[in-house]
Structures are given as structure tokens and as C-alpha cells.
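What follows is a set of structures for review.
Each of the next two complexes has chain A plus one more chain, namely chain B in the first and chain C in the second.
Take a look at the complex of A and B:
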């Protein structure tokens, strides 16, 4: 830890998540930032630096999205950076904010994530096809859902899992979202509903997947000195980790996210966590698909490989279980405005640790939480460990 | 989502109201086109596909036979040491049966896509391609043996689609 400053989160804001929102990305960013500043009792002039996170430019059709969003993100005439690591962006952005403050260069950093997936039509899926290798993959006619289906099938095969084992995650997260005022797809559903839903790309069915969404989220980061001035209950960023695996995704065994494990190990080492299942009280693993929550619980070393479905079945991951996961309702329940969804997860851990999560509050009096996101071509892991 | 916050900003609108311009909107369709050089390693790979062969590169340090081929080993971070043909048969590493086209529109007849670990390459070295000639998609299984079905030589253009698809060795 020598040379690094301790960094706290002192405020958070988030907009509604919806399929289509009238506000532009700039306006959504503004709203999330204002809420975060208000909850921190701070003003924009107190923010010495700004980091913006947003996913592919193709959704907006604006190829300078960082610059385009800057004013709405409160970056006018400030040190400003936009970062992007695909779906991992939402948790990576506060990591980038962390190094701004941990380095000692700034006492404060405003972290903003925004996504407007509604602008690209007929479906943002088409913009996603441009992420594939142009020579060897696109001519095969790739679709984004395919690669997740390939990964899900491999995971199921390796651990001999049934769709029923995985559908429970969707049931849990959509139900958790009923208590979340921003949620887009909160619902009381059954495993049967998931199994009967439209087959998109087997084994992926409609209710295994999070929707496309618009939304924004923001966090206020502060150095220890500033944090203690502005709040009695700061939440500390005690661990950060990030890692990328090879883009040659057809050369990897997709059943396990090694890169998430490496990122988690980095974050846990920094936080002094030796036994993650015992020391982590609440988790927000990235859940754009139901199987991904399981995949990521395993990658985050919260259980052994292949055991996450058992934890889910036994209720361990419910809000009142020993290891509550996605108490927010996750992406499956709240929606998936990509970068904003990841930052919403970090915000949820912040609120859980502050005891402010209201109906969503996990009853275990959490002290330590972890949030994680995942992205690019099934190759990127970003992990943050928070403590009160 | 703090319980202390009562109002969450954002005004929901209907997709059709935007697409049909019922609320103020502006539309644009990019007309950009792209032509990519296939690069050093993949150009040779594509040339060999034209000959009906699949070529890999090898790394003596880690011992891997890598496909798709590359001019550097990303693990050892050194130039690869040579070329080696692998077979046009392999094993399904994983697969999906897609009822979605690339633009998310729905298909009546599903597309089966798979990662195929090619015989002769190192363990786990797969490529992504389609599986066809399947009567009942529910019978496709991980671990099944497959073989490439090539376009006739005259129709090959030096593209991954010179392999039309892979088919399972046993009839399903």
C-alpha cells in the first residue's frame, strides 16, 4: 500500500433504467451527477477530475462519445478521461477514478457512466456484430447472443448443469428488482416461465437475458482527508483488479473466466482478503445473462468451480442468505445500460454498506462487498472491493 | 437507489414514437464501407483454404500448434517458428442453435454455430463455424466429431466461407 492514498466513495446517483428514455446521454449524465453530488453534499467545483465510462460508440452513432458527453458529465474545463473496456466498463470506470485519487494527483474524482442503447435500430445487436474479427468471424454471420450461448453451453456441459439450475438466477434477480425503484424488468417469475420463454440461441432463452436499456449512474470519489470532512460514513475502495484474456476466444475454454479470477485475486490481495467466501458479505457479480452470475461467483472465488448453482438452489445467494448476490436486482431485473449497469452495481454495494438500501438491504450488516463486471469478447474482468 | 432518494430522473418514451418521429428526433444511416487487409498470417491461411487445406503456425517454446495462425505467439511473445497443416476434421467444443439473425430478427430455420477444435492442432485450438446437414438440432452434442464441407475448388475465393460448413460424422 506504500505510496497509495486511501480512496473513499462519498456519494452516488443513478437514473431510471428503461428501454427508451427521452433524455440524451448528456442529460442522463447530468441527472446522475447532480444526484451523486447532492447525496455527497458537494458541488461540481469540488470535483478536481472526471472519468467517464461508456460502451461502444456505435450505439450512439457518435464517434467521439467521451467528448460528446463531457459537458453533461460535469467535465467542463476539468481533467477528463473516457475509458472503455466493453461490458467491463461500468466497474472499470471507478477503478480509473481510484487511480486518479490514489496517485495523490487529485483529492476528488467524479465518476460517470452513461449508455443510450435505444438510438441504434432496428436493434443495437447489429452494432455489436462489428466487434467480431472481420476476416474470420463476421463472414460466418456472427451474432452477439451466439457467443454467450456458446459459453453457457460449455459451462453447462463441463459441470453437467441443467437449464433449471441456471434459471433460478433469473427468478431471484427479477424478484430482487421489485424493490428497486429504477428497475426496468422487475417481475415475479418462475423457473417454468424461463424454460418456456422464446429460444433465442439455445441454450439462451428470452428470460435468461437482460434487456437493452438507457440509463446513467455516477459516483463521487474522495481522498481520505476530504472524505472524512464531508461524511461520517465513507465507503472505502480497498481493492481493485482488472485483467484481459486473449481476444482469440475460440482458443480458450469458455467454461471458466480465468481473467475474472486474476482480477479478483489482484483486488483481494490489495484488500488483504484471504478467504473470499467468509470475508465478502455481499456481492454484485455481473449478470447480463443468468449463467453469467454463476460464472462470476466462481471467478470471484466465492465458491469452487461449478458450485455456484448449488449455492443458488440452497438460497445462499438470496438477500437473507449467507452470500447475497445481486440484491439490486442486477442487470436481469434492473436492465442493462452497459456502462451504467456496471456502475449501478458499485452504487448498490455502496448503499448496502451504508445501510441505506431500504427494502433491498441485506440483513447481515455487511462490512465488505465486491462488485464485478465483464466484457469485450468474453475476456475482460473488472473487480472492486468496498469496505465501510 | 438509496432509500433516502425518492425521485429518480428519466422520462420513459415509446420506441415507436422515436422511430416514427412522433417526438422530436433526427435520423442518420452511415454509408461507410471497409476493406481489411487480412494481414501476414491470415493471408496465408486464406490462400491455403483456397487449396482445401487448413494451416496453423507453431511455437517451439510452448509447443503449441495454433489455429487460426499468427506470426507471434501471444503467450511466449516471440515470433512463431513455422507452419503446419492441421486436419479438416475436429470435435465440437461447444455449440449454439440460433433463432436470431445478425440483426436480431427471428429465423424460422435455426443456424447452428459451433467452436470446432481441429484435429492436429493443440488442445483447445478452435475456430468458429457453422454446422449444417442436421435433421434434428436437439441431437447435436458437445464432443461430436465433425468434418469440413468445402466449396468446389472453382468457387473458392480465399475466405473462411471456402469451408461452407462442418457436418457431423454420424448422421443426426
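Take a look at the complex of A and C:
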């Protein structure tokens, strides 16, 4: 790493995740920023740059949503950039914060992710009708649940999986969320409940899916010098990775996310990780659907292709297992305010590595963690590796 | 920390309409030009791709999805900056400075002719609670700002009109410009006062086009080219989204961005140390306001410089030799890249009949248009 700068996370804040929160997007951003600054013991004037992550403008019906949110996010009269990679935005935004500091351009960077899905009335799913190719796909009238049903079906078929195998993820994550004060859909449910829930588009059922939510999250990033001044307990961003696959999602085999693997390889290489299952102690793979957690555990190279359901069945991915995944409760339990949900995952790894996760703390004394998000048309992977 | 240089550029457009090209074809053609210019293979030699786009202008909810293939970036490291192309340049600059990446491609484009309801989209940029319900064409914000600027500085309508005359004339000799013309001050002043005191001819017309740039670290730059253009400094800033609380006569966002860029480039006297500039002139008065924010002259003095011909192509300090946005056409999120393109061409000595002799240091400045107070500044040089 000679000549290259290390970047630390020194503070994090996450608001409640709920449907129809009264606060505006600006107010949610403000709350998350305030919490993050308080935990870092820093002030807004200490923040030299600001990065915003937020998913489609169509949720809010505001053109240039990044500009609109600027003052709530604390960017007044500061260098401010919004990055956007669909659902991958939440984990991507701290990567953007990383290069603000790792470049030597700034000593500190405030990373803010906000999502206000409830203003898209009657349902945010309508904003997703315009993510498809206007000539080839939109006339079919498809929505996200349909295409993920295709992907889930393909994954189940390829590895000969039963729905019971996949439902276990939903059971685990919703239970983990019982210990998370921000959680929207924490619950003690059974595999039976999942299998009996309403069918949305086979094989996707109601309890396979995370809800739509409002919420915000923020992180404080600092250079090595500043981090050592403000905390004895910094968490280092040691690897960053991202990758996009072709727009033509219909032309690839959906059973495995190559783009997540490529993003993970990029991050692991930077972090010097050669054997991910051994070296990663805790993981927050992206779980907007229960099968996606399995898909992403495999994409993150934490097990062989098709083996993630086995790990789940054997309890390896429980909090007290060898590879705890989504100890936060994930999107299935906490809710899915898209960009904010991704940053919540990074915040969870931050707290786990600092030993500050309270009732959610994994008992394995974790040193290295990974968070990942996924987005666009089953196309984008963003990965961050943290170490204490 | 490695220095950063621009080693390849490509441009298609700018044209009032481009019915022969889809946005994907537009991006593809431009990218191929830039890769040829840099002498690189995008499938092997590029570490990161950055595209700069806003969803509403593209007609998609997640435009990022539709970018990789035509840039050669499928299964590679690409992302979207929701902003002006110059923010993409700033991002590429930082990425290379981390020491982890050597070659970064930045893309921004405008397919303005595909947008049937441009003004409605701009309207959707206004605060949905406080400002949007007021209704009206959103460019009223520019009219009000121009009024305030002229009131506070004593700048005259004639001086603003002369910006149009100069820029559209410069555009005649720019093959990338859509709206080159010989217009007179009187013609400008007699055109409709669409948003009083802002006249019709003082408003840049949208145009289609795309610009792609290849940036590289010092080591790679030396291998690729003998004619690099070095990025000496970048700065960017968002003042505030609030119309109610912002400064209406000064471009505070540009003042702060310029300070940041000058500091990196170690420039203390911009007027002396910079040879020419490309400045955001979506509206004619903005060129003057931005000149002052860039400290080229004292507050309120920019109008006089234009009047005296000092900022003309053959003047002491040429501004917008490309023809600016008034002459090239407004390339939406690509407007920062239009500015950078001209500075690169001038510094390489490739600006044809509008070449500024012995140009060594150039400045590019951009603004994100109505209703933002966000801008960026970059300083480029052909010597290290």
C-alpha cells in the first residue's frame, strides 16, 4: 500500500426505516447526518466534502434530486457530488467518499444516502416501469417482481432448490431485525408462513420480498491523520469494488451474478484477501429478496456456487454461526429505502467491527467484514471491505 | 501522488437535431473517437468508466443501466455521476490520485432533441413545496437573477448583448458549434424580452452532442502521448438549492470552486497566469457574473471588459473561443465537457482558425443551470 492513503470510517447514523415517514427527504438526510456527526464527535464545519446517494428521481418527482437534497445533507457551500448506480447506490456512495479522501483531495467526507419512496403514489413500483428499454421491454408492461421471479426461478432450477431452502433466509433476517431499533418488518415467522404468503409472481411470494420504505443513513469518512485524532476505534475501508454487466439482461444466464463476483474480486484484491470464506468474519449481502442473499453470498465468493442454501440450512449464516450474514436484519427485516438500505449495511459492519452492535453483536469478535449491494437491471454489484 | 492528464478526446455534434443517431449510437461514435485519439483499447486498457447523466433528461428511472455496452464497459468498472461532465472529470481526477487506477474514461452527452417537454423537466427541478406551485416558465429565475445582477453591478443591457455577439461570432469557426452567426447588439436587444430583462437571443438553445475524454496517470500518459493536457486543479461547489436564501448577484458556487482549483494549481493571479477561459454562458449575463466569480476582474467590471473587446478571440484574454453555449448550443449535462473540450483543443494547438497563439494555461468553468447553484472549475495546462 506504499504511497496510497488509508481511509477510515469514524461515525455512522441511520434513521428509522418506515413506510410513509412524515419527514421530507431533506429532513431525513439531516437526521442521519446529525447522528453520524454526534457519534464521531465532529461538526458539520469539519466536513470538507459531501457525497450523496439516492435512487431514482421518479420516487420524489424531483428533477436533479441530488441538488434538491443538498442543504438537508449538509452540503451548503461545499464540494458535493451525487452518484447513482440503481440499487447498488447505497454501498457505492461510501466508495465515492473513499476516493474523495484516498486521493488526498480532502481529509474528511460526509457520505449521505436518502430514500423517500412513499411520495411515489400509489406505489413506488410505478417508478420502476421506466427502468426498462422503451422499445423492447416497456411495451410488455413488466415490473421488478416479474424479472426477479425469472431470476429466482432460474437459480432454483439450476441448483435444484426448494422454496423451503430459500424461505429460511427470510425467517433468519426478520428474526435478526427484532434486535434492530430501526426495523420496519421485524418478526418471528416460520418457513410455513413464507410458503403460505400471497403469491406475487411465482416463485416470489409476499414474505420473500422486502417492503418499500423511507429512511436515510450517513457515514463520516476521514483520512488516517484525522481518524487517529477523533477516535481510538477507526474502521478502515480496505477494499472497494464495483462492476456493471451488459444492459442486455435477457442474454445472460441469471443463475449467477458475475458482476458481483467481479466487484468482489476488485475489492478483495485491494484488501489483500485471498481466501474470502476464511478471512471474512461478517457479511451484509444485499437481500431485497430472500434468494438474493444466497445469490450474493455465492457472488461474494463466500462459498461455492449453489452452496449458500446449505450454509443457511446448517445455521452457518446465523449470528452465532461461522459466517454471520445480515446480522442487522437486512432489507427483509429492516426495510428497503434503497440507497439508505445499502448504507445501513455498511453502517452495520462498522458497528459490528467496533463491537457496538448491542444485541445484534456477532460473538465471533469480527476483524474483517464485507457489505454489498446490487442494482440496475440485475446488472450492478458494489462491494466494500472493512477492517478494524 | 501522480499527476493527471487528458490523453484523448472525442466529440460528436453539437447539432440542433441528430435524427440519424440514437443516444447509444451518439455515445458509441464519440467513445470510439476518444479511444482512437488516446490509442487505447477500452476492453483492456481502461480501469474505470464514469458517465454523467440525469434520469429525467434521459427518460429513464435508472439511466445507468443503459450505458455500459456502447462504451465498451460491460462487465467492467463503470458508474454514473448525477451531474455535469466536469464533476465526472473531478471524479476521474480523484480516482487517479488515489494511486489505484491509471486510466479513467469520462462521458457526458445531450440528446436534447429527444426531449419533448424540456421546460417541464426544469420545472420539476424546483422545490416542490415552495417554488413549483408558483407556476410559470422556470427561466423566470434567470430573468430575476439578471435583473438583480445588473442592478447591483451597473452592468448595462448592451454589455450583456455584446457577449452574444462575440460568442456566436466565435462559433462560426468552430466545427463543433451548432449556432454560429453574425448578430448585432441591436438584434439582441430587439429580440423578445422573454424573461425581462433577459432577451431571447441571450438564451442558449439546446443542442445534441457527446464528449468523451480519457484521463491517465503520469506513467501511462508518457507512454500514450507527447501532447498531454495536464489537469492542474479542479474545484466544485454547491451553494444552496434554495432560491430564497442564495446570493442573487454573485455566483458564490463559482467563487468557492475557483478558490479550490486555484489552490491546487497554485494560481494567485488568475488574470496574469491564465491565457484564456471557457465559461458557462447558458444566459449571456452568466458569462459576466462567472468572470467576476473567477476573479478575472473586480465585481461589476466584467461588462466593461467585453465592451472593450478584451475578451474577444483576438483580445488580451479570450473568453469562450469555442463560441460558448450561445454559439455551440447548450449540451445539458455535457456542457462542462464542451468547455473542457475547447480548452484541450486550444492547448494542443488543434483549434484551427480560432487557435489562440501560445496558449499554455486554460480554465474551464461550468454551472448546472436553472434552478441550481452548483458549479465546477478546472484548470488545464500543456506544460507540467
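Note that in this section the second predicted complex is superposed on the first by the 385 of 388 C-alpha atoms of A that agree within 3 Å, B and C clash if a C-alpha of one lies under 4 Å from a C-alpha of the other, contacts with A are read in each partner's own complex, and residues count from 1 in each chain.
Heads up, the rule we're going with is that contacts are C-beta pairs under 8 Å (C-beta built on N, C-alpha and C of every residue); 3 or more make two chains touch, one makes a residue touch a chain.
Just so it is clear, the model here is predicted, and its values are computed rather than measured.
Enquirer: Identify whether chain B and chain C fit side by side or clash on chain A in the overlaid structures.
Expert: Result for chain B and chain C: fit.
Enquirer: After superposition on the shared chain, which partner residues are touched by A:259: those of chain B (first), chain C (second), both, or neither?
Expert: Second partner only, chain C.
Enquirer: For A:248, is the partner it touches chain B (first), chain C (second), both, or none of the two (neither)?
Expert: It touches chain B and chain C both.
Enquirer: Please work out whether A:149 is in contact with chain B alone, chain C alone, both, or neither, and reply first, second, both or neither.
Expert: Once the two structures are laid over each other on A, A:149 reaches chain B alone.
Enquirer: Taking the superposition as given, does A:39 touch the first partner, chain B, the second, chain C, both, or neither?
Expert: In the superposition, A:39 touches chain B alone.
Enquirer: Based on the superposed arrangement, let me know which partner A:86 touches: chain B (first), chain C (second), both, or neither?
Expert: After superposition on chain A, A:86 lies in contact with chain C alone.
Enquirer: In the superposed arrangement, does A:288 touch chain B (first), chain C (second), both or neither?
Expert: neither
Enquirer: Name the contact category of A:23: first (chain B only), second (chain C only), both, or neither.
Expert: first
Enquirer: Tell me the contact category for A:76 with respect to chain B and chain C: first, second, both or neither.
Expert: In the superposed model, A:76 contacts chain C only, not chain B.
Enquirer: Given the touch rule stated above, what does A:94 touch, chain B (first), chain C (second), both, or neither?
Expert: neither
Enquirer: Once both structures are overlaid on their shared chain, how near does any Cα of chain B get to a Cα of chain C? Whole angstrom is fine.
Expert: In this superposition, no C-alpha atom of chain B lies closer than 5 Å to one of chain C.
Enquirer: Name the residues of chain A shared by its contacts with chain B and its contacts with chain C.
Expert: Correct list for chain A: 61, 129, 134, 246, 248.
Enquirer: Please output the residues of chain B touching chain A within their complex, sorted ascending.
Expert: Touch list, chain B to chain A: 1-5, 8-15, 18-19, 23, 28, 30, 34, 36, 38-39, 42, 46, 66, 68, 70, 74, 93-105, 110-111, 113-115, 124-130, 137, 142, 159-161.
Enquirer: Please output the residues of chain A touching chain C within their complex, sorted ascending.
Expert: Going by the criterion above, the answer is residues 3-5, 24, 55-58, 60-71, 75-86, 92, 96, 99-100, 102-105, 127-131, 133-134, 241-248, 258-259, 262, 266, 270, 375-377, 379-380.
Enquirer: Any idea which chain C residues touch chain A in the complex?
Expert: Interface residues on chain C, with respect to chain A: 1, 54-56, 59-62, 64-69, 73-83, 87, 90-91, 93-100, 121-125, 127-129, 235-242, 252-253, 256-257, 260, 368, 371-372, 374.
Enquirer: Name, in rising order, each residue of chain A that touches chain B in their complex.
Expert: Touching chain B from chain A are residues 12, 14-23, 28, 31-32, 35, 39, 61, 118, 121-123, 125-126, 129, 134-137, 139-143, 145-146, 149-151, 153-154, 157, 180-182, 198-204, 214-215, 246, 248, 250-254, 328, 344, 347-348, 351, 354, 356-361.
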